[in-house]
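What follows is a set of structures for review.
Shared between the two complexes below is chain A, which has chain B as its partner in the first and chain C in the second.
And then the complex of A and B:
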């Protein structure tokens, strides 16, 4: 049995202590500009204003949140999209002066009664994709930003030297100060600033501060993540959560921001001033009880977090290993959750926002760093989560301690573990084929399983080394593909189809070869291949619940809309279906978890005082989803060609992959494609690969057709003005832009369905009215 | 770990209880300055199959490890205490109490609980309530993995 009830002051992580002369560091700050604002209460979940900061010219101002804006965009990611639309241009790129970094909250953000209610939504134009990237993250920043007085902060322009932005909700003051002496790496600067800006030197004051930062890795790559801090009164240490995807941290550092700090004067359980606090407490308590009674029999999130998925994915051949060549591996059991459970610190409320009893934010304290600048120090590692462990298996690293090392440096350097891990896995496969080699990799032996080389690669990125390999490889798979092809170092087909990126963003950690719907869940997305829009593998592949294209398209309408809704409100998706009511499997539509959907209806009404139903929740999302797609079109992408996915995510690229799952693919040829047993016996593997390749590529095009049609888009994937108007989106500039783009597509002959239909009746109805 | 000590915990002699609920009224007086009893009382008396049973905190303190802000502490006398000035009303302790003895009233967002003050004992006309002393180590015999750790 583990000891509980240790007095908070007696907790000891055993970590190394840092001694800084914080006064000396602070004395070097120069205030660049300041802005005072009137402190106001939150009203029914909204602060009713956003904060605009321009680092180039020092302008700081408040923007009003109108009722119209709430109606059309709800909040959170929706507000972010609206603010971006008003501020950027179609040719804005990630490092343009007018590009913005936006952090938003959402009306339900900061509620303490319902688990998973502290998410911030971050948006920017991504360096990896040149379109909008949105990423959600826990930690205290979002709730505190709102309680300090703002529904969102948008930062435009670039500073001339390293700065910190301070949102002081205690004094009602925004200030921008230079910060030349602070550390850049996140685990250090979070601790420094927490101590420096706490009103008093105690845990209570330190807990009222949250910091956003990104380390040296973010500065020198396209994989920069944002680290959001949340001070842990037991560990006496600001822990970190990451907005990982799409290079947000790279944008932060490109703007020369070392950190953004927010501080609240006070907050309590009703700081959001909800319309009906009683209902809120009731719905929240009901879910707390469900988690108490059922979590240990379901996902076991409270004990091991998302790492419980490792064994499940390995069992179902879905755990990416060796750059997604395989979905399971004999050594995978070394990474099963019990091995991490042994390392995690126990009996601590591990929610990344107060009141989240799902508590998936697991931590290893007192980890001894093995390499790099912090070698020998004892530190706290936040995580790993499933995705990070999946990166381990993808790079064929089977030692939990090396995964912790990878996790620690990714976090503190501000590197997204997913992009970093997936990209390195690709480089490793290229290394195996000789397309990359030691010389081309600048002396690094990037073969599968070489954890030390992985860490050395990351240290070199963080040091800002400028050799060809480091400079290009740190920009991700898409740039490396171009580089390899340009140098004619390997077969274009192998390079293009093995590198797991779409739209320029690296895949997250699931093997999708046998689930067409999930291929769509990664490809037919707004920002790129991330599983936060839809996770349909079990529905599709295991339960065969969505057999037709129409069924799959319906799922690829409903689930992305539903999951988008969390981001509009400042919520985490996990408490929706990572714990399910006891009787969930016995009712209709179990994959939607209807009882929890009703919780969210009650929850949103209880905070905002609205009277919405579950259909209206989907409508809220549909508006923002289509708006974002339309903005992607405006930015020059968001068409069928941009929804391309590499064949590695659809089927076997190489002979080895085919042979490793020969029975499955042979069966596929017989049952799905109709080739006879005898014929298959005589066929060469390459020939069989080619037939499956053509078949599956066509299946994906047919799926795209069905999905575009369901979503109300043109056959080239553009939201029609008709659809936008139906959703109540009547911005004339937007509608005109879409009409022009569709006319252009029409002239170029692009408004055609992509599938190869033998029977014309199979085609989606073409009688769509565009406007 | 705290060293072993005696903690005062409420005990009901069911055969003496006549269901007058004076104890609950006295309790709500302590917590909310109201004689209402009912949901404003930390001690709850319920009639089940013709007899009265009590539900109240037994000071085992599992909630202490649930609180994200450290509002729940074990006091020197062993009583588990919720500091409502620190509490942020998340209801984690309410939801996770294994015997549902952490209370929440409509009056305010912060929960409340039995603090072994003895008001209910004094209010009981039938002398059906009294304190018994329990060993702190005994009440901590809890299977922690049940709470998911």
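And then the complex of A and C:
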């Protein structure tokens, strides 16, 4: 025990108690279908089979994982892509019967010796983007799914009434049961099902259960997230982590799934059955010690989690405020990490999977809910993380308690905090300009800072209210842009350029105006503007370390590939670079944290028994990354036009934004565009905005050119058959599809560089049809 | 008189330590590597190491984020 640590038996959350007649609820269940399977041990990180469930026709079956599948797709997100390719069609949309919801694990998922090894990867066709969305999440479900016998679960079809899917690793049985009486909102149904399905009424049994659910908000919006539970023996309560992005929870509820439950017979430190347990323990122990000794002097993740970023982002003008108009704000200090540290329950280990020393999943216990159906109740709030606080600043909400309220309801309603917060921030700006107003917003005064209106908006979504505004606004920024433009309620330019979405997905919470590489890190992505592919702002804007297009393109090759690798293996990326070895500064290429990269080489080899090197880790990712891009092309997107981003992420849209950073933009006109001081003095702000607008848009096109070329894609962003073959991907259906699309693009005149080059040698390549 | 920090020219201040320079630049991020004319300055020396005039400083922020 650490000095001051609370004994398990002495800790009480102080939360409201729920008393349900669980027998009555369970008696209402009707078994729709069952399937028994042989229990098997995990072999070197793999269960060697996946589980297929079809809710329309009741088919449940096992699919074998072949050695070829491991070689080409590794696991996790890679397996998900392969399963989707085999099951959907190019015209499949999010609510099509054949769309799948896939939850995968990865060969390193479930290891307890190395921090950050409990991630699940979830995939589906997104309602927001009409292409594949992948999202990672902690909690116990992924490891338990594997220990129950499966590397992935693939759910197709739709149930006729609300159901739960039970994967019982104790009995070796899958069952689908109707669930008419259970709550839908996640903090309630997780607690109900944990109590109902635990073999015995004790913590040990409850800890062997994990539940995936999404609440009423997911049911009525495109922002549905999946909540993954992990039973906390200290709080005696199932806590939640979220697979947030892309509407996975909306797909879950569209399939009429109330929850997916997995239960294990046992799990321990060797359940993943590594090939070389000794090396695994050695490499894990080294990182545990590093985190224990150094975290408090570096990111302080163990004390405050990712919230430590708030003050840093504010200092560097990167914290989005008032819909990304600004990157810092006088009131931002109210949301700095010490203010949340005061609220977090301390001296309780907070990992979302066993053995994670980083333990960044912070919690506020006994929070009194201020609005909505749970008003007055005391609850545990998981979080907030940086992104959720960033949503607060983006909506100009500066009270930590309202951030907690927003966080709690987003989670239990199954709403992605990022998409919800970013979209509302846009609606607020439109409200300020009069493009939206009280009447158009269904009576809500959705102006910056009005936290009560934000919560009321969310409650109305959860209640399924059908007014025009709630119905459209709950589908996200893209649909609202179309609605505002169609009704001619405002300037199309302002509406298009201020709404922070790309591909239909809302941005996460970083201001990118001064980092071209990070603009690409958001736009030149597979699923949309989420920072999990690359976070290059410091490297680009502050360090000035990647000044040329070629440098930026190299970073936009390496880092997305590297970060993709975590998703193939069931890992969290945080232990890679949110703590660094003591001597990291003294070695070459410190940004890549080379010692940790070597850890991962040793780690994967120790579990799987392979003999790979660091280059092969990148190759594993490159195969899956290109496969996913090719699938986006197959689904009718994945081209240059789809990688476009709103101008708010490139520069100042409005006069107020320009004036707020006048020195910076005037300097930009002088140094980057070559306009004289004297001329600038005489220019109107609107004229200066237009010049920067044209310049920065061209910069983004040139960046796209360089990145596509580096990735081995056509100038319209399509992976070439040659590139795929080079990566060992020889699926004839896919290669033919790509060739056909490239020919079609060629005929349409789309295989041209996008940048405006004065000198032809500036182009990435002058070869005729190099692709 | 002047120094260059991450490729950008700024004024040199007499007796300014690495810690004070980081404060002046508002570089609050904890995971930084500082080099003066390509020589690494250990974190333990940030308070005592004085920035010489005409020097080229690299303040490398490790990626983090997200």
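Keep in mind that, in the parts below, the second predicted complex is superposed on the first by the 761 of 771 C-alpha atoms of A that agree within 3 Å, B and C clash if a C-alpha of one lies under 4 Å from a C-alpha of the other, contacts with A are read in each partner's own complex, and residues count from 1 in each chain.
Everything that follows uses one rule, which is that a contact is a pair of C-beta atoms (placed from the backbone, for glycine too) under 8 Å apart; a residue touches a chain by one contact, two chains touch by 3 or more.
What you see is a predicted model, and the numbers here were worked out from it, not measured in a lab.
Upon superposition of the two complexes on chain A, no clash is found between chain B and chain C, which fit side by side. Touch criterion met: A:357 reaches chain B, while chain C stays clear of it.
Of the two partner chains placed by the overlay, neither chain B nor chain C lies in contact with A:157. Shared-chain residue A:267: touches chain B; no touch with chain C. Once the two complexes are overlaid on the shared chain, A:346 sits against chain B while remaining clear of chain C.
Taking chain B and chain C in turn and counting the residues of chain A each one touches, the greater count comes from B. Here the apex is the CA centre of chain A, and the angle it makes with the centres of chain B and chain C after alignment on chain A is 70°, in steps of 10. Shared-chain residue A:295: touches chain B; no touch with chain C.
By the touch criterion stated above, A:594 is placed in contact with neither chain B nor chain C.
Judged by the touch definition given at the top, the superposed model places A:278 against chain B, while chain C stays out of reach. In this overlay, which is a superposition and not a single complex, chain B and chain C have their closest Cα atoms 16 Å apart.
In the superposition on chain A, chain A positions 300 are in contact with chain B in one complex as well as with chain C in the other. On the side of chain A, the complex with chain B involves touching residues 1-8, 112-113, 203-204, 207, 233-234, 267-270, 277-278, 281, 284-289, 291-292, 295-296, 300-303, 346-349, 351, 354-355, 357, 359.
Here chain C touches chain A in the complex through residues 6-8, 26-31, 33, 40, 43, 58-66, going by the rule given at the top. Those residues of chain B lying in contact with chain A across their complex are 1-2, 61-62, 64-70, 73-74, 86-92, 94-96, 98, 104, 106, 109-110, 140, 142-149. Of all residues in chain A, those touching chain C in their complex are 297-300, 309, 311-312, 315-316, 508, 510, 531-532, 535-539, 542-545, 547, 559, 573, 577-578, 580, 584-586, 590-591, 593.
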